[in-house]
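Look for subunit A in each of the two complexes below; its partner is subunit B in the first and subunit C in the second.
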Partner chain A sequence: MANLQVKIWRGAEEGEFQEYEVPRLESQTVLDVVTYVQRRLDPSLAYRFACRVGVCGSCAMSVNGVSRWTCRTHVSKVAPDDKLEIAPLRNLPVIKDVVTDMSEFFDKWAKARGRFTGSKTRKDAFAEVKPESKQRKAVDAAIECIGCGVCYSACEVVTWKPDYLGPAALNRAWTLVNDVRDVAQQERLAAVAGDAGCHACHTHMACTERCPKGISPTAGIAGLKRAILSATLKGEM
Partner chain B sequence: MTMNTRSQVLLWGAQRISAMLLAVCVVVHLITIIYAVRNGLSAAEILGRTRGNVAWGGFYALFVAAVAIHAPIGVRNICAEFGWRGRGVDILMCVLGLTLAMWGFRAVWAVVS
Partner chain C sequence: MKNDSRSRNHPAYWAFLVHRLSGVALTLFLPLHFWALGNALHGEAKLESFLRWSDQPLVKWAETILVLLLAAHMAGGVRLLMLEFVSLPGNAHEVNAWQKTLLAGAAGVSVVVGLLFLLNLI
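Coming up: the complex of A and B.
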C-alpha cells in the first residue's frame, strides 16, 4: 500500500499546514493517522481523543474540509487518493494544532437553559412518561447527542453570527421542551428565541447532514420555532 | 439598542406568513403576465379589465402588503449576518418597508382607479 500524504494544521489561530508521510494500513482510521504522527513523527502535535470508539465525542476534527469524528472515519472512505488534510473544528477558537477551545460551545448550552429543572423531590413518585407519547418520541430522536461539536463546526449560521446559540445547544433545549417533568419551559423558550436563537437558523441542514449520531437538530429547531410562536401568540413570552 | 425577543419572534412570524402569501401571489401574478402577453393584450385592454375591479385591486393590494412586510425583514436578517445590527438598521428597514408599500399601492391605485 502507498503512503498517505497527510497535512495537519500546526499553530493556533495563526499557523500553517505541515506535511507528513504516514504508512497506509488496512482498516485505518483518521485518528490512527493523527496518533501515528504524534507518536512516531512529531510528539509536539496536540490533539484530543479518549474512547476511540465513537462514545466520548472528543476527537472531532475537520477532515478534508468536513467535520467528523476521526475515530469513526476510515481513511478509505475519505481519502481515495491517499491525501488527507486535517484541521481543527471550524467556528471555535484554536488552542493549539487541532485542539479547539470548546468553552463557548458549552456556555451556549447553559445560555439555552440546557439543564433540567424539576419540581419533584425524592419523596414523590416517579413521573410516568409513556414511550409512545409524542413528546417522548421527540426526546428519543434528539437525546443521543454527546456534544462533539461537529454540528456547530458545520453550521454556516454560526460562522456568520458568532452569538448564534448553534444546533447542539438548541437541540438540547428541544429535548427539555419535550420533557413533561421540566418546570422551566417559559424561561427556556425565552432563552432560545430571537435573532441569536432558533430564529437565526436558515434550515441549511448542515448540522443534520453531519451529525454522527444521525440526529436532526434542524427538526428540533423548527419545533422550537413553532413552540415559541405559539407561546408568543398566547401572550406567554 | 436591540429589539426585544418578543418583537424578534413576531417579525419571524410575519415573515413566514408573508412568505406563504407571496408563494401564491407570485404564481397568480406570473400566470396573469403570461396570459396578458400571449394574448397580446394592449395597455388599454388591460386597464379595461382592471379599472373598477375590486378583486384585482384586492389581490394586488395583498401582494404589495406581503412584499412590504417580507422584504425589509429579510434584508434586516442579511444585514445582521454582515454584522450590521441595532436601532439604525431597524429604522432604515421601516423606511424600506414604507417605501415599498407606497410605490406598490400607488401602482395598484393607478390600474384600478
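Coming up: the complex of A and C.
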C-alpha cells in the first residue's frame, strides 16, 4: 500500500499545515494516523483522545474539511486518494494544533438549561415512563449524544452568530423537555426561546448530516420551536 | 476556524442556498413587478406597450426562470414548514431520508411548474 500524505494543522488560531508521510495500513482509522504522527514522527503534536471506540467524544477533528469523530472514521472512507487534511474542529478556539477549547460548547449546555430538575425524593417510588410513550421515544432518539462537538463544528449558524446555543445544547434541552419527571420546563423553554436559541436555526441540517451517533438535532430544535409556540398560545410563557 | 464548501456540500445546504438566492432574486424582482402594474394607472396604452415589449423571446425566457424561482421558493418553503411543524421522531438516518424525499419533491414540483409555464409559451 502507498503511503498516506497527511497535512496536520500546527499552531493555534494562527498556524499552518505541516506535511507528514504515514504508512497506509488496512482498517486504519484517522485517529490511528494522528497517533502514528505523534508517536513516531513528531512528539510535539497535541491532540485529544481517550476511548478510541466512539464512546467518549474526545477525538473529533476536521478531516478533509468535514467534522468527524476520528476514532471511528476509516481512512478508506475519507481518503480514497490517500490524502488527508486534519485540522481542529471549527467554531471553537484552538488551544494547540488540533486541540480546541470546548468550554463555550459546554457552557452553552448549561445556558440551555441542560440539567435535570426533579421533584421526587429517594423515599418516593420510581417514576413510570412507558417505553412506547411519545415522550420516551423522542428522548430515545436524542439521548445518545457523546458531546463530541461535531454538530457544533459543522453548524454554519454558530459561525454567523457566535452566541447561538448550537445543536448539541438544544438537543440536550429537547431530551429534558420530553422528560416527564422534570419540573423546570417553563424555565428551560424560556432559556432556549431567546435570540440565541432554537429560533436562530436556519435548518441547514449540517448537524443531522454529520452527527456520528445518528442523532438529528434538527428534529429536536423543531420540537423546541413547537413546544415554545404551544406554551405561548396557552399563555404559559 | 471556519468551515469551507467541503463541509457545506450536502443536500440540505443546497436547498438552503436555492431558497435564499431565489428569495433575494424575487425580492429584487418585486419593485419591477409593481412598476409594471403601476403602468396601468397611466392608462391602458402605457401598460399595453409594456406588455408587448415583454412578449420578446428573451423576456419570456427570463419569465420562465422567474416562474421556476418562484416555484422553487414556494416548494422549498413548504418543505421547511413540514420539517418544522411535522414531528420528526427517529434517528438522523430516518430524518435525512425524509428530508431528502421532501427536497426531491420540492425540486420536482419546481421543475414541473417551470415546464408547464414553458409549454404554455410554446
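The rule is simple: the second predicted complex is superposed on the first by the 237 of 237 C-alpha atoms of A that agree within 3 Å, B and C clash if a C-alpha of one lies under 4 Å from a C-alpha of the other, contacts with A are read in each partner's own complex, and residues count from 1 in each chain.
We adopt the following convention: contacts are C-beta pairs under 8 Å (C-beta built on N, C-alpha and C of every residue); 3 or more make two chains touch, one makes a residue touch a chain.
Treat the numbers as computed from the prediction; the structure is a model and nothing was measured.
Undergrad: Classify the contacts of A:199 with the two partner chains as first (subunit B alone), second (subunit C alone), both, or neither.
TA: first
Undergrad: So in the superposed three-chain picture, is A:137 touching just subunit B, just subunit C, both, or none of them (first/second/both/neither)?
TA: Touch partner of A:137: subunit C, not subunit B.
Undergrad: Applying the touch criterion given at the start, work out whether A:216 contacts subunit B, subunit C, both or neither, answering first, second, both or neither.
TA: Touch partner of A:216: subunit C, not subunit B.
Undergrad: Between subunit C and subunit B, which one touches more residues of subunit A when both complexes sit on the common chain A?
TA: Residues of subunit A touched, subunit B against subunit C: more for C.
Undergrad: Go through the superposed model and pick first if A:42 touches only subunit B, second if only subunit C, both, or neither.
TA: It touches nothing on subunit B or subunit C.
Undergrad: Is A:190 touching the first partner subunit B, the second partner subunit C, both, or neither of them?
TA: first
Undergrad: Give one of first, second, both or neither to describe whether A:236 is in contact with subunit B, with subunit C, with both, or with none.
TA: neither
Undergrad: Between subunit B (first) and subunit C (second), which does A:225 come into contact with in this model arrangement: first, second, both, or neither?
TA: A:225 sits against subunit B and subunit C alike.
Undergrad: Is A:64 contacted by the first partner subunit B, the second partner subunit C, both or neither?
TA: In the superposed model, A:64 contacts subunit C only, not subunit B.
Undergrad: Which of the two partners, first being subunit B and second being subunit C, lies in contact with A:21: first, second, both, or neither?
TA: neither
Undergrad: Taking the contacts subunit A makes with subunit B in one complex and with subunit C in the other, which residues are shared?
TA: 225.
Undergrad: Report the residues of subunit B in contact with subunit A in the complex, numbered from low to high.
TA: The touching residues are 2-3, 5-6, 8-10, 12-13, 77, 80-82, 85.
Undergrad: Would you mind writing out the residues of subunit C in touch with subunit A in their complex?
TA: That would be residues 1-8, 10, 12-13, 16, 80, 83-85, 87-96, 99 of subunit C.
Undergrad: Using the touch rule from the top, collect the residues of subunit A that touch subunit B in their complex.
TA: Going by the criterion above, the answer is residues 157, 160-161, 190, 193-195, 197, 199, 225, 228-229, 232-233, 237.
Undergrad: Touching subunit C in the complex: which residues of subunit A?
TA: For subunit A paired with subunit C, touching residues are 13, 62, 64-67, 87-88, 90-91, 94, 134, 137-138, 141, 153-154, 156, 159, 202-206, 208-209, 211, 214-216, 218-219, 222-223, 225-226.
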